[in-house]
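One structure, pasted below without further comment.
Chain naming follows the written order as A, B and C, and within any one chain the residues start at number 1.
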Amino acid sequence: MAVHRQTFSIKTKGEVHVIDISDRVSKVVRDSGLREGIGCIFTPHTTCAIVANEFEPGLMETDLPAALERIVPKGSGRGHDHAGEANGHSHLRAAVLGPSLAFPFSDGRPALGTWQQIVFVELDTQPRTREVVVQLVGE
Amino acid sequence: MAVHRQTFSIKTKGEVHVIDISDRVSKVVRDSGLREGIGCIFTPHTTCAIVANEFEPGLMETDLPAALERIVPKGSGRGHDHAGEANGHSHLRAAVLGPSLAFPFSDGRPALGTWQQIVFVELDTQPRTREVVVQLVGE
Amino acid sequence: MAVHRQTFSIKTKGEVHVIDISDRVSKVVRDSGLREGIGCIFTPHTTCAIVANEFEPGLMETDLPAALERIVPKGSGRGHDHAGEANGHSHLRAAVLGPSLAFPFSDGRPALGTWQQIVFVELDTQPRTREVVVQLVGE
């Protein structure tokens, strides 16, 4: 049994930029030498999220932004906006989607489904450089 | 310390079918022989979700479907619908609820509350056969 | 490699009371003596949630309650309300936000971002005493 930790950075284009990070996560699992265990994909920021779903452009680039606008409209984070940047809604959307994904890995690979990708979702209004932590525990 | 992995299948009836899988998850923990650790319940599909809440029919069979219809209405996934099946909204609902649940287990059992069940939520429009992975790391 | 488990209680004031529990979680990691691994913060209740975001009053005490009211309005859990307490919407909100957060820890501390706190969210209508479980696996 061992712990393996690896981080990587991504550059995002602002609201709502979706990036398929499945290959990078798979590479971390491969690099670790671990075969079986549990992983945690975690982004240490408060205006982005990790989602596991199908990385299909219509879904990710059209439907997801529209759904987020319906669920948490721009301007709905005014309490926070008064404190500085006008990104209160970005925080709220991040709270709904979540910055963390626990996943099983097996046979040296994330045990994802055929149509299931790991997607980084930038929710902030500005382009950013983001960090993703992949932490594995297993054997 | 060891890793234990077990999967099981469930047959669902389509949108929105909720199934209490607590007993099956408890059985995996029991079968593993592990006493203390962290588990991950994961479904490798993109139109269903894992939720931990009270499996009470009024809540699960009336309120949850109505809430999902309010949050992500049918037809709100048109970008994806154009790519094939008319289940874009199922993907969006799955992205909001999530396919993964991390949980502690202790004394050989999932450390759930008295009223807390583990619920598989089918969000797709058609009946399906679904896989659930339960991966444990502990001692 | 080892497992460490610790629980603590918090007293809440009812709907929507947010409490920053970052220090208590950090203390559990410190107390464990573990340096690297994965943790799971889990609340064994069905009308509260664990969120990781910025604990800024405008966001947490004004925007989050307003967002929850928009996403799952009071009174939208009537199927469950008929079964007893009028807190169906609290259950639905808890299902959307989730009772569990997986996180990496490194160097003996939760690997959170600078602006990222761990927030307990009371969603029930009444003050309650709540339990939080922090379970760690690592070395």
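FYI, a residue touches a chain if its C-beta (ideal position, glycine included) is under 8 Å from a C-beta of that chain, and two chains touch if they have at least 3 such contacts.
Quick caveat, the model's predicted, so the values are computed rather than measured.
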After a C-alpha superposition of subunit A on subunit C, what does the rotation angle come to, in degrees rounded to the nearest 5? 120
Is the contact between subunit A and subunit B built from the same residue numbers on each copy (over half shared) or from different ones (under half shared)? different
With chain centres defined as C-alpha means, what is the inter-centre distance between subunit A and subunit B in Å? 19
Where does subunit A touch two or more other chains at once, residue-wise? 1, 38, 40, 71, 96, 98, 101-102, 137
Within the complex, subunit B is touched by subunit A residues 1, 36-38, 40, 51-54, 56-59, 61-64, 66-67, 70-71, 96-98, 101-104, 106, 111-113, 115-116, 137-139
Using the touch rule from the top, collect the residues of subunit A that touch subunit C in their complex. 1-3, 5, 38-40, 42-46, 71-72, 76-83, 88, 91-92, 94-96, 98-102, 131, 133, 135-137
